[in-house]
Amino acid sequence: MTRIRFQQSLDDLKENLLVMAGLAEQAIQRAIEAYRVRDLSICDLVSRSEIAINRLERDIDQAALDLLAMEQPMAVDLRFVLSVIKINADLERVGDAAKSISDRVRNMDQMAVADLPVDIPRMAALATDMVRRCLQSFIEADAEMARTVLTMDDAVDAMNRAAYKALTKVMAEQGHIAPQALNALMICRSLERVADHATNIAEDVIFWVQGADVRHHKVAGGGRDPQAAR
Amino acid sequence: MRTMTDHAATGLAVLSTLLVVAPLVAIFVYLIYKGASSLNLAFFTELPKPEGEAGGGMANGIVGSGVLLGVASCIGIPIGIGGGIFLAEFGRGTKLANAIRFTADVLNGVPSIVMGVAAYALIVKPQNHIIPFSGHFSAFSGGVALGIMMIPTVCRTTEEMLLMVPHAVREAALALGVPNWRSVLSITVKTASPGIITGCMLAFARVAGETAPLIFTALGNQFWSASLDRPIAALPLQIYIYALSPYDDLHRLAWGGALVLIVLIVFAVSLVRYVASRGVLKGAS
Amino acid sequence: MGVGIEVTNLNAWYGTNHTLQDINLNIPANHATALIGPSGCGKSTFVRCLNRMHETNPIARVTGTVRIGDLDIYEGAKPVEIRRRVGMVFQRPNPFPTMSIYDNVAAGLKLNGYSNRRVLDEIVEKSLKNSALWDEVKDDLKKKSGASLSGGQQQRLCIARALAVDPEVLLMDEPASALDPVSTSKIEDLIFQLKTQYTIVIVTHNMQQAARVAEKTGFFLNGRMVEFDSTHKIFTNPSDKRTEDYITGRFG
C-alpha cells in the first residue's frame, strides 16, 4: 500500500484523539462522582484532567494542520481530518463542562445538602451514555450508532427544561436553599451542554463516514436548538 | 599508473589526429607551392593558349564548371529534396519508400565513371529527338550525369534532417487544423531547412570536383562556351587533360587549376559548416 | 462561445490494444472538465479522439460517436475542419521554432490562407491578451522567436496560437506539468477566464489542479470511465471505491 507514512499519521491522529476522549469521559464521570459524594479531592482530579485535555487539544490541532499542509488529504481522509478538528474542539468543551460541574461542587461544599426536585444522576447517566456512544461510533466508524446519539439529545433537553422550571420555582419559593438550587441548575446546564457536544461529535462522525452533513436538522418530536453549544 | 595510461591515450589521440591532418596540409602546401605562381588575372580571364604558347588561363573552365554545376543542381536538388520529403513524411514504412532508399544507397556507390558512361548511353549516343540535346557531347549531358550523382546525398540528408524535426512540432501544426501537406512544407521542411541546405552543399561540393563523368559527356572545350548544346570546359576536366599533356605551360595551368579547385571546395565546405552551426532548430531551448 | 460535447459508446484501439472501452459522457459547454487517472488509463487517448488527432497514428482506430455541438465529428466532417474548431495545447510547449512570436500565433490562420495584415494583427493581439501574454511580448512580437521564451511563456504562446483560430473547444493535455508553480498558477488563472468563452477539457495528473480549475471531473481507469461527477463530489465523497482509492493515493 502506498502512502504508509500518511496512513501512520492518520492512525496517530485518531489515537491521540481517543486518548483525549478518554480523558474527557473520565473527567465528566469524576465530576458527577464528586457531586454525588461531595468529595473535593475528586474535584482536584477533574481540574488536572482539564489541563491535560487542553494541552492535547493544541497538540491535535497542530497535528491536523500538518497533515492538511503536508499530505493534501482528499475525500474520506479529508473528511476525517476535518472531523477530528471539530471533535477535538467539542471534547475540550466537554472537559470545560466537567470543570464547571466540579467548580459548582466546590461551591456547594459549605452549603447544607438540600433536597431538590431534580434527578441529576439520571441526567448525568444519560449524558455520559451519549458521550460513550458517540466515541464508540468514532472508534468503529459506525454512522448508525452515531445516529442513535442524535435521538437521545431530545431527552436530555427535556430533562433540562423540566429542571429549569422546577429549580426556578424552588428559588422563588424556598429562598433559603436558593444557592443550592442555583448550583444545581448550573450543573444541569453543563450536562445539557455535554449532551449537545456529544451530538455534535456524532454528527461529525456521520460526516466523516458518509460525507453527509446532518447538522441542524430537526429530530422528530422536538427541536434541536441550533444556537446551543456551537 | 592511471595517469600514465591517460597520458599514453592522449598521446595516441594526438598522433592519430596529426596523421589525419598531415596529408591534407601536405597537399595544400604543395599545391600552393606549385600552383600559386600561375595564379594571376590572366588565369581567371583568359582562355588557354594554343599548344606551345606561353600564358593563358582557365577562365572557360571556371565558367564551364559553373554551368555544369548549375544544371546538376537544377536536376539533383529538386529531385533529391522531393525524394527526401517523400521518404520522411509521406511514404514511411511503405515498400516504395524502402525501394527508393535502397536505390539511393546503390546510386551513391556507383563509380562516377559509370555514371558518365550511363549519361553517354542515354543522352550522347542516341540520335532521336525525344531527349533534349541528344546525339552529341554536350554540357547538358555532363550536367545530367553530375545531377544524378547529387540525388542520393541530397535525398538521404533531407530525409535525416526531416526526421530530426521533433514530432511535437508536427503535432502542433496538425492540431491547428493545417492539412498534412501544408504542415510538411511550411513547418517541417522550414524547420529542417538549415540541415537540408547543408545536404545540398555537401552534394554540390562533392560533384564540383568530379572529372570522370565529364569525360564522355561534357568532353571539355578549348574555347568559350556556355551553351548547353555543345561540349563545355570544366575545371577538373581541364586539370586532367593538361596534366597529361606534354607542355610545361599546361602543367603550370593544371597546378593553378588544382589550387583554385581545392580553394573553392574548402570555401564551400566552410559555408556548409557555418550554415550548419546555426542549428537545425534555431533558438530552441 | 463554447459548445457541449456528447460522447457515446466511444471505443479506441492502437493496433490490437483496446485503449478505450465504451466511454459515455457529456461534457458541458463553457465549463472546465478535468480528466484524471493513473498513467496509461486512456485519458490522453480520449482527449485525442475529441479532435481526431488519435487517427494521425496509422494503427489507430475509433468506433462510436462524438458530437461537438450538433456535429458528429466522425461522420459529418473532415479531420482538418474539426481541428479548427477544437484546439489543443500539449504537455510540452511546442512553439514553431523557426517562427517569431507573431508568426507563431498567426500560424493557424496564415497556413490556412488568411493574409489580411490588419485582421491578423488584431487577432494576434486579442489572442495574446486572452492568454495573458500580451504585456510581456508586445514589443518583441516580430523580433523574438517563439522558442526564445521561458517555459511558462511558451505554453501561453501555444494557448494563444490555439485561440487565434477561434475554436469552440480547447483541449489541454497536462498543460502545466512541465512548468514551475508560478507558471502553473498563471495557466490555471487563465483557464478560469477562458472557460467563460470556450469549453475546456483538461487532462491532468495533478488532482489539486483538477480540483482548482474544473467544475466536473472524470476518473479514468484501464480504458474505462469509472466516475464522472461534479469536482466537489469526486474529491470530497466519491461514489466509487476505485475513485476514492486513487484520490487518496492508496494506489496509482
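Each chain gets a letter, A, B and C, in the order it is written, and its residues are counted from 1.
In the analysis below, contacts are C-beta pairs under 8 Å (C-beta built on N, C-alpha and C of every residue); 3 or more make two chains touch, one makes a residue touch a chain.
Fair warning: this is a prediction, and the values are worked out from it, not measured in the lab.
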Smallest number of contact steps required from chain A to reach chain B: 2
Quick check for you: compute each chain's CA centroid and the global CA centroid, then name the chain with the smallest gap between them. C
By C-beta contact count, A-C versus B-C, the higher one is B-C
Chain A to chain B, mean C-alpha position gap in Å, rounds to 94
For chain B paired with chain C, centre-to-centre distance based on mean C-alpha positions, whole Å: 48
Taking each chain's centre as the mean position of its Cα atoms, how many Å separate chain A from chain C? 52
Name, in rising order, each residue of chain A that touches chain C in their complex. 1-3, 6, 72-79, 210-211
Going by the contact rule at the top, pick out the chain B residues touching chain C in the complex. 93, 166, 168-169, 171-179, 182-183, 186-187, 190-191, 193, 281-285
In the complex of these two chains, what residues of chain C are touching chain B? 51, 53, 56, 58, 80-85, 87-88, 90, 92, 94-98, 107-108, 111-112, 145, 147-148, 151, 154, 158, 161-162, 165
Sort out for me which residues of chain C touch chain A in the complex. 207-208, 234-238, 244, 247-251
